[in-house]
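Written out below as structure tokens is the structure these notes cover.
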């Protein structure tokens, strides 16, 4: 059995008086891709935000490699090894590609590895190398997504969390992104993936959780869920898994 | 059964409030009889009443529309100058102080000014930008006053004849009356349909707009009413001071005081400005006597401390101690 | 002929004076950009540092341009202290009204403090060499004003380089744009805020020395100066160092040319009218684009 990298136990999260997550528990094994799927507003983004420290959980535990992440600030959690690529990418539009990547390696422990990490990112995304002095705001959607992921890689993370990486991208780019995620996983990256594109997500995921109204309602291997009738009906459509 | 008791208690609470208010009015109103109207204490209370009027006016705008006006001193000054000019040019042919007509006009002039600057400022600017817009508009007004030639006598200001001044009692009662009147007006305004719209506006503008509330109209209305009140206060002060000049009625203290009072007392409540006025009034009257020159510094420190530790003001403390069910 | 000479004189003075507004505006821009705080006490702090410079000169005989070093150091520390003591919570909560009120409170305190402690009399730092003038193309330039402009430009360049070339500077720019995203990079916003505030007040210190050596000042001048700095910022637009400097220079030109043609009183009025117009119609600044934050 591979190591358990991240464990979330019994998490309750509220936005003010409105509760968004009820007793949510997930596990992420090292070296795997774990997908979180569910309808809009199911709480997927909230869960990622709780893990990365942008929101504080009222109840429950978040444990990374045996260490508790509860009540840590986002900066500290990045230092522990989790990077979060938020929904909408949240790049620094007025900064150049290079500057965005530099900031990705802001944490002191990542700075000595900067050149190495940069090489890796440029190998994965040659288009970023060519335009490294261009402002991030001028990039196309697909390029921005690549920069966002590249930026996350600069922090040499143990776990990468991607929130809706395929959002707003053309079908070809979507395919590229998912291929990329698989490649990263082959390179030993552990990935927690939130996706609306349930089909693709479940195809590449080793493990998946279905969230509904802030609760985990299903979990299992990616391919099992893909074949599951209920999941198909609810999220993919009557025709079942498409090619 | 429980419901019946509850509704009974509610009306009882209202009755108690009315009794308390009546008592307060009697106690304060009768002061010149059981105490000396020329005493320092009476002066302190007079100052408090003026502060209450000014603060309620500011609170109406800031507390209920969420826009911080930094132009209070302009409206206050306009009220004072209007009164002085009407008197000196014998426009209304009245020879006594506190002519209601003059005072009302002294409220209308700033209200008009408020509408004029309010429409562009409120429609286009939010938050800080609005605040600085009011500040800039106030400074423009200051320059107009300084350059007003014979009309405003520039930096020297206008002088009202002091012969009419006999005793402090009339000032005291007028101030008390106006303070109560303004507080009552604001109270009922808040509970009216207009007030409901204002509160909806301050909580969630987008939602209020989607319910058909004309945002700009209500904001300008609140701004104008608030300015009217400030002008009224300025008029009252003009009758008291006899001199209407930029340093006297347009100095930044008049801009800062209502903010200090409302922040200290509690934004957006009716009692807040009243409590705040009593505290700040003490600072600026007794403080002046006992601590002398230092007291303006204290007001700066106080606002910092309040914002840091008691941002909801004194009224807010009550909520913290006993959170409402 | 003489008229042109006179006008060019006014123009030059306007640029020199305006560069002071510009430096103050850069400080405001940094503080607002990262923490959304409108530091209206900036003017009063500038007057405070002018007093530092003045007392160092009057009591210890230290040349004002040498005193730039200690004044700058004290200003940097003061900036960090202001953040830690006064604005930290308001910045974290993004409480714009609260921070504005705290800044107003600070301004009131400083103004009154200086009035009580140092009297309301105007002061100025007058050095023996200060009045040396140069004649360039028929225009008189006083040495102090020239040095003042030089200092301002150098300061702007230094800040700009800091923001562009250093990692912390880049972090400041990132935080200005999106605080949450910057925390996801591992940037500690508290630390960025301290650095930014320190630099902002450091710039105030520089402006203070320039003010002390080129014009006279008194305790209540701070409010007016702060308003002008705000106007400069509005004209220039938030977020760009050089734009803020240019905003100040344009303001200086308007003010001095206005005074020359219509007199001081009306010139002030014109300045505020332009402020209102700029805010209403171009809140992103003359140089800004629609994509900029407001």
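A, B and C are the chain letters, set down in written order, and residue numbers restart from 1 in every chain.
Basically, a contact is a pair of C-beta atoms (placed from the backbone, for glycine too) under 8 Å apart; a residue touches a chain by one contact, two chains touch by 3 or more.
Because the structure is predicted, anything quoted here is derived from the model rather than measured.
Without subunit C, the contact network of the other chains breaks into the groups A | B.
Chain C has the Cα centre that lies closest to the mean of all protein Cα atoms in view. Just count the C-beta contacts per chain pair and the biggest one is B-C. Centroids of subunit A and subunit B (each the mean of its C-alpha atoms) stand 54 Å apart.
Subunit C has its Cα centroid 43 Å from the Cα centroid of subunit A. With each centre defined as the average position of its C-alpha atoms, the distance from subunit B to subunit C rounds to 33 Å. Contacts from subunit C toward subunit A in the complex involve residues 167, 170-171, 173-174, 177-178, 180-188, 239, 291.
Listed in rising order, the residues of subunit C touching subunit B in the complex are 38, 86, 89-90, 95-98, 100-102, 104-113, 115-116, 223, 227, 230-231, 265-266, 268-269, 272-273, 275-276, 279-280, 283, 294.
Those residues of subunit A that touch subunit C in the complex are listed here as 52-54, 73-75, 78-79, 83-84, 86, 90-95, 99, 102-104, 106-107, 137, 151, 155. Listing the residues of subunit B that touch subunit C in their complex gives 68, 120-121, 124-125, 127-129, 131-133, 135-137, 139-140, 143-144, 146-147, 252, 256, 259, 263, 293-294, 296-297, 299-304, 307-308, 311.
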